[in-house]
Amino acid sequence: MSAGLTYRMGRIFGRDGRAMVLPVDHGLMLGRVPGLEDPRALVQIAADAGCDGLLMSLGLARATAETFAGRGTPARLLTLDTLLREDEQDAGTGSAVVSVRQAAVLGADAVKLLMAWDVPAAEQAAATRRIAAVVEEAARWEIPVMVEPTTLRAPRNEQTVELEVHAARIAMELGADIIKMAYPGSASIMAALRAELGLPIVILGGPRLSTSADLVRLVDEAMAAGASGIVIGRQVWQREPRERLAVMKALVEVVHGRLPADDAIEGLLPVA
Amino acid sequence: MSAGLTYRMGRIFGRDGRAMVLPVDHGLMLGRVPGLEDPRALVQIAADAGCDGLLMSLGLARATAETFAGRGTPARLLTLDTLLREDEQDAGTGSAVVSVRQAAVLGADAVKLLMAWDVPAAEQAAATRRIAAVVEEAARWEIPVMVEPTTLRAPRNEQTVELEVHAARIAMELGADIIKMAYPGSASIMAALRAELGLPIVILGGPRLSTSADLVRLVDEAMAAGASGIVIGRQVWQREPRERLAVMKALVEVVHGRLPADDAIEGLLPVA
Amino acid sequence: MSAGLTYRMGRIFGRDGRAMVLPVDHGLMLGRVPGLEDPRALVQIAADAGCDGLLMSLGLARATAETFAGRGTPARLLTLDTLLREDEQDAGTGSAVVSVRQAAVLGADAVKLLMAWDVPAAEQAAATRRIAAVVEEAARWEIPVMVEPTTLRAPRNEQTVELEVHAARIAMELGADIIKMAYPGSASIMAALRAELGLPIVILGGPRLSTSADLVRLVDEAMAAGASGIVIGRQVWQREPRERLAVMKALVEVVHGRLPADDAIEGLLPVA
Amino acid sequence: MSAGLTYRMGRIFGRDGRAMVLPVDHGLMLGRVPGLEDPRALVQIAADAGCDGLLMSLGLARATAETFAGRGTPARLLTLDTLLREDEQDAGTGSAVVSVRQAAVLGADAVKLLMAWDVPAAEQAAATRRIAAVVEEAARWEIPVMVEPTTLRAPRNEQTVELEVHAARIAMELGADIIKMAYPGSASIMAALRAELGLPIVILGGPRLSTSADLVRLVDEAMAAGASGIVIGRQVWQREPRERLAVMKALVEVVHGRLPADDAIEGLLPVA
Amino acid sequence: MSAGLTYRMGRIFGRDGRAMVLPVDHGLMLGRVPGLEDPRALVQIAADAGCDGLLMSLGLARATAETFAGRGTPARLLTLDTLLREDEQDAGTGSAVVSVRQAAVLGADAVKLLMAWDVPAAEQAAATRRIAAVVEEAARWEIPVMVEPTTLRAPRNEQTVELEVHAARIAMELGADIIKMAYPGSASIMAALRAELGLPIVILGGPRLSTSADLVRLVDEAMAAGASGIVIGRQVWQREPRERLAVMKALVEVVHGRLPADDAIEGLLPVA
C-alpha cells in the first residue's frame, strides 16, 4: 500500500481497523432532509461525540473546515456523486460532480461513489465508468475510494441482497478500497463476502427507522460478522437531540468493541 | 517488433510460443461466480501449478501483487473493459474502464478487450472505437493487446462461428496482437484462420461444463490445429479443488505439448 | 482563509495556535548527523512524546507513513529544498527538490523552504524565485508554506539578526504562511516583528548546544514574546535518550503554556 | 508499498531479499571497455548463469529484449544518466539521458542514477535535482529508483568512504529505493548504515581487479554484514570466459547464501 | 480595448482618467522600510483616505483582502517582480516572482513590473523578456500591465531622464498599458512623452524626501503637464501619522483637479 493510502486508511480505520462514520451528505441528493436542518452544528456534535469520520458533500466540507482544523478530529470522506430521479421507481441519472483533486485540496481522507445496481444496463455501465475513472484518478493522489453498491427500489428482499452482494464483487474488481453497503441480513453472508472481497466493508443504515436498541444490536451483529465499521446517518440523527447523542456514543463504543451491545443499550436514554 | 512488445509477448508465450492462461476476471462483468469465492487464493494456486498467465481485472491484480513479485511467476493480463446487459438477449453496453497506463504501472504484460459481434451496428461501432483507441495507446507502452471476438447469444451454431471468425479478421485489421476466441469447431477452420490472421490465437472455454477429459481433448485438438494456447477459466476452476488442480496441471502439459492428451487424461482424478 | 489552509494550519497549530515541531530533515542537507542514526525510531518516539509536528524530507516521510496513519498523530511538514555548499563560507547552491504535489499526495500538512540571505544577490534572487514558485503552487493545493529566513555564516551577531528580520519581511511579501527563524535575541524585536508580519513565527534551534534548562528558558522567552512555536531539532535529539525524551516533553508543555518554565526545568533529568 | 513497486522489487530481490545483479552499462559512460566487446552475448551468458538482474543502458536493453522475453529471466535495471569528464580529476557533468517512461515502456524493473559526491557544490546540487526529479516521476510509474553514491577520484581512503556513506544518507532522504555503493570496508560500518537507511544496499565492484577468490570473500563479508546483494561488473567480466562464468555462478550462490564462500572458491577454476 | 481591460483600467483611473495610487510594495524588494512597520493598518488608512489604488505585493494583498471586500474600495495593483542587488552600484538581478494568473485569482486590477535601464545589455534583455512574457500572459487575462522604466544609480541628471524616457518608449512598444516613471523634470518633456506614447503615465516619488508642500506642487505640475496620476509612497507614508493622512488627502484632491495646489497646501498641517 502506498504511503498516502496507508496514511489515509489509517486515519479512517485507526489501529483496530474499525470506524464509526457518520454520513451527513444526504442534502446533495435529497435536498432538505429532516434531522439535517443544521448540518454544521451536527458535524460539530459528531466530532465532539468521538465519531471516527464524517461523510460529507463539498459544500458542507468547506463550511465546516474549522471543526476539523486540528489533530484528533474525525476523518472526512467526500461524496463525489449524486443521483437524480423522476420518482421512487426511476433508475435515475448518476453523475460525478466533485473531482478527486478537490478532495486532495480539502485534505479529505477518502472519496465515495454510489453504485446503484437495480437499474438498466446503460446506467450500470455509466456508474461503472464513473467509478473506474475515480479509481484511476485516486491512485494518483493515493486517496482511498469507497464504493456503495446499492439498490434503489423498496422493499428490500432476498433479490435485493443478492444484487448488492453481486455489485460489491464488481466494485472490488474495479479497484474499490472500501465497500459501503447494507448489512446483507445474516452473519454468514457477511463473513463470506468479507473473505471473498478482501476489503473493509462498512455497513449503511438506510431510511427505515428502528429503535436505538435494535440499531445497536444490528451494528453489533455486523461487526461480529466481519464488518469494519458503519456509515449510518438517518437512523442516528433522525432522533431527538439527547437520544441522537446517546446513540452516536453507543455506536462508537460498540464498533470499537469497547462495550458489549447489551451494556451500550442499557446506557441509552429511555425512548419516551 | 518493438523491444517492449518482444519482452511482453515472450513473457506470455515463452520459448515455444504457447501459453496456458487462467482467466479469473469474471467478477468484473458477472459479479459473484461459483468457483471464484476466494479469488486471491485461486491466483496463488494457479501460480504454483505452473500456469503461464492469469487474466485479471484491476482490483484483483492489485490485491495479488505479492504473488507475482518474483521472477518465474506467471504473466499478468489485464482486462480493460466490461459489458453490461439487461438479460441474456440484450446486446449490452460495453465500456472500457481501465486505461493502458494502469497496466504499465502495475507491470502487467498485456491488456484485453471484448469484441461482441452479434450486436447492433452502433454497438459494433462503439466496440471498434474502444479497441482502436486501446491499440493506439498500447503502442505507446509497447504492451500487447488481446481482443476477444465473441457472440453473446446462445445457442452456438454455424452462424455463431462464422460471425466470430469474421470479427477476428476485423480485430486483426484493427491492430490486435493476440486473438482470444472460442474454438471454431474444426481443425481446418482453425488452421485456416491462424494462417489468415498471422497472429497467435488462444482458445476460450465458455460456460458449458464438460468433463475434464473432454476439456483436455478439446485443448489438444485446438493446439494441434494451430492454437497458441488457451484462456479457459470456468471449465477449470468450477470443479472441486483436487480436480481443479489436476486439470490445471494437465492443461499446462498439453498446451506445451509435453504430454500426450491421453496420458494427461489418465493422470486426472476419477470424477466421483 | 481557504478550507484546505484552515484545516492544515489547524492541524499544525491546534486550538491554541501553538506548535512544538521536531525537525528531523537534516539528513537531506547534511547527510549523517549525530543523533539521527535511527531516524524512523526517533520519529516514533517524537510521536509518542506528544510533539505537534515533524519536519521531514520525502524519503523519511514515506518510510514512516505507518507512524502517522491515524488520527491524533503529529502533523507532517515536508522539506522541499536543500542547499549544497563547498564549505562553511560558501553561499551554496539552493535547489527545490520536492514538489508541492508530492506533499499533497503524502497528505503532508505544510511545505518548507530555506531563504538564506547572507549570500550574493544572484543566489538571493534564485531563492526568491524558488519560494515564489512554491507559494503559487501551494495556493492551488491549499497547503501552507513555511519559509526559513536564515544566515549561513557564523558567528551570529547584530547584523545577522537584522538580515534575518529583513528577509522575514520579504518572505511575508512573497506570500509565506509561516516564518521559521532564529530567535532574534530580544523580546521586543520578536514582538515587533510578529506585529509587522502578521504571520505565525516559529523559532529554530540551530547547532549550538546549550543545556536543556537554558533551552527551555529560551523557548519560554520566545513564546512569551509572541512566537507561535518552535522547530528545534539538534538541541533536542543530540542528547542521550532519556534526556532527549524529557526535553521533548518539557518543550511541548512550555510551548503550550501548560507548565511554567521553572517547573518544566525541574522535571528534567539531572545532566550527569 | 504500491502494487507496482511490490512487483518490481520482488522481481529484483526475490523471496530471500537478495540479488546478484551484473552491470553491463559501462559503455554509456566509458565507451569501449575491455570485456564488453560483445555485450549482447555477455547478457545471454549472464542470463543463462542465473544472474538475478542485468544493469543496462537503453541501447543494450533494446538490443537484448529477446533474451529477457520469457518468465524466469533476469530482471533488468535501466541506467538513466551519464557523467562526462575532461579527465580523471574532473568533477564532470552529469546528465539524465533516459526517462523513467522509457523504462516503463521497455518493461524494466528499476532505474538507476549516479550520485557523485566528491564534486563542487554546484554539481552536487545538479545531481540532487536529477535524482529528485526521477524519484517523483518513478513514483508515478511505481518503478524503484536505485541511486549510486560514489566518489570519482582515486585512490580510495577513509575520507572516500565517509563521503559515500554521507551521500547514501542524502539519497535515502531524497527518496531512493535501493542504494548501490562500494563496500564501506568494514562489517560494522555496513551494518550501521543498513540500519540507518532502512533500504536495501547493493555492493558495487569498481575497477580494481582482485583475484576471483578475493572477490568472493569480499561479497561474502558484505552479505554477512547486511548487504542485499551486489552489482559487480568489471571484476566479473574482465576475466577470461571460463573464469568469468565460474565467478558469476559462484557469486550467485554466495549472494543467496546457498554455498559457503570457501566451497564456492574451491569450485572456481585455478587462476593460471 | 477588450472588455476586461476596459473594466480594470476604469477601476484604476475612473471617469476623469486620473488616479492617486499609494505604493506599499517596498517590503518585497527592500525588506523592512521605515513607515511600513504596520502595512495592514496603512492599507486601511489609505483606503479610508480615498486613495484610488494601492500597489502591493502578493503577501500583503492576501493579508488585506478584507479591506477591499466591497465596492467603492480602492483598486489593487500587484507587483510581480523584484530586483536583488549586491549594493547600490550593482545592476542587480531582476526576477518575476508572481504570475499574472495569481493577480487574476486575487481580483487585482493591474500588474506591475520594473524596467531598470542603466544596467548591462544582458540585464536589459532579461527585463525585456520578463515584461514581454507578462504582456502576453496579461492579454489572456485582460489585465493591464504597468511598466516602470527607471535608473538605479544616483544621482539623477539629464542622462538619467533621457534614459528613462527612452526606456518608456521601449515599454510602450513592448505592450505596456500604463507607464510609471519619475517626473522627467519639465512640463514640455512630460507633454511630449505623453503625446508620443499615447498611454497613461503615472509619476513616482522615489526616496528623496521633500516637504509636503513641495510634493504637492510637483504633483500639480505633473498633472498639468499631462500625467494621469501618481504612484508615490515613501514621500507620503514616511511622515508622522497626522501629516501622512493630510498629504494623502491633499494629493487625492490635486490629482483629480478638485482643489488648486495652493489651497491643498494651505490645508496641510504645519510641519513642526
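Chains here go by letter, A, B, C, D and E, matching the order in which they are written, and residues are numbered from 1 within each.
To be clear about the criterion, contacts are C-beta pairs under 8 Å (C-beta built on N, C-alpha and C of every residue); 3 or more make two chains touch, one makes a residue touch a chain.
Computed from a predicted model, the values in this text were never measured in an experiment.
The chains that touch chain C as well as chain D are A. Listing every chain that touches chain A and chain C alike gives D.
When the CA atoms of chain B are superposed on those of chain D, the rotation angle is 180 degrees to the nearest 5. The most distant chain from chain A, with centres taken as the mean of CA atoms, is E. Spacing of chain D relative to chain E, judged by their CA centroids, is 59 angstrom. Put simply, the C-alpha centre of chain B and that of chain E have 71 angstrom between them. Chain C has its Cα centroid 56 Å from the Cα centroid of chain B. Taken residue by residue, chain A touches two or more other chains at 140, whereas all remaining positions touch fewer.
Contact topology of the protein chains: irregular, matching none of line, ring, star or complete. Under the contact rule stated at the top, the pairs of chains that touch are A-B, A-C, A-D, B-D, C-D, C-E. Those residues of chain A whose C-beta lies close enough to touch chain B in the complex are 120-122, 124-125, 128-129, 131-132, 135-136, 139, 165-167, 169-176, 192, 195-196, 198.
Taken in their complex, chain D has these residues touching chain A: 1-2, 140.
Every residue of chain A that touches chain C in the complex is listed here, in rising order: 3-4, 6-11, 14-15, 52, 61-62, 65-66, 68-75, 104-107, 140-142. Residues of chain E touching chain C in their complex: 25, 27-29, 31-32, 37-40, 57-60, 62-63, 82, 84-86, 90, 92-95, 97-99, 101-102, 105.
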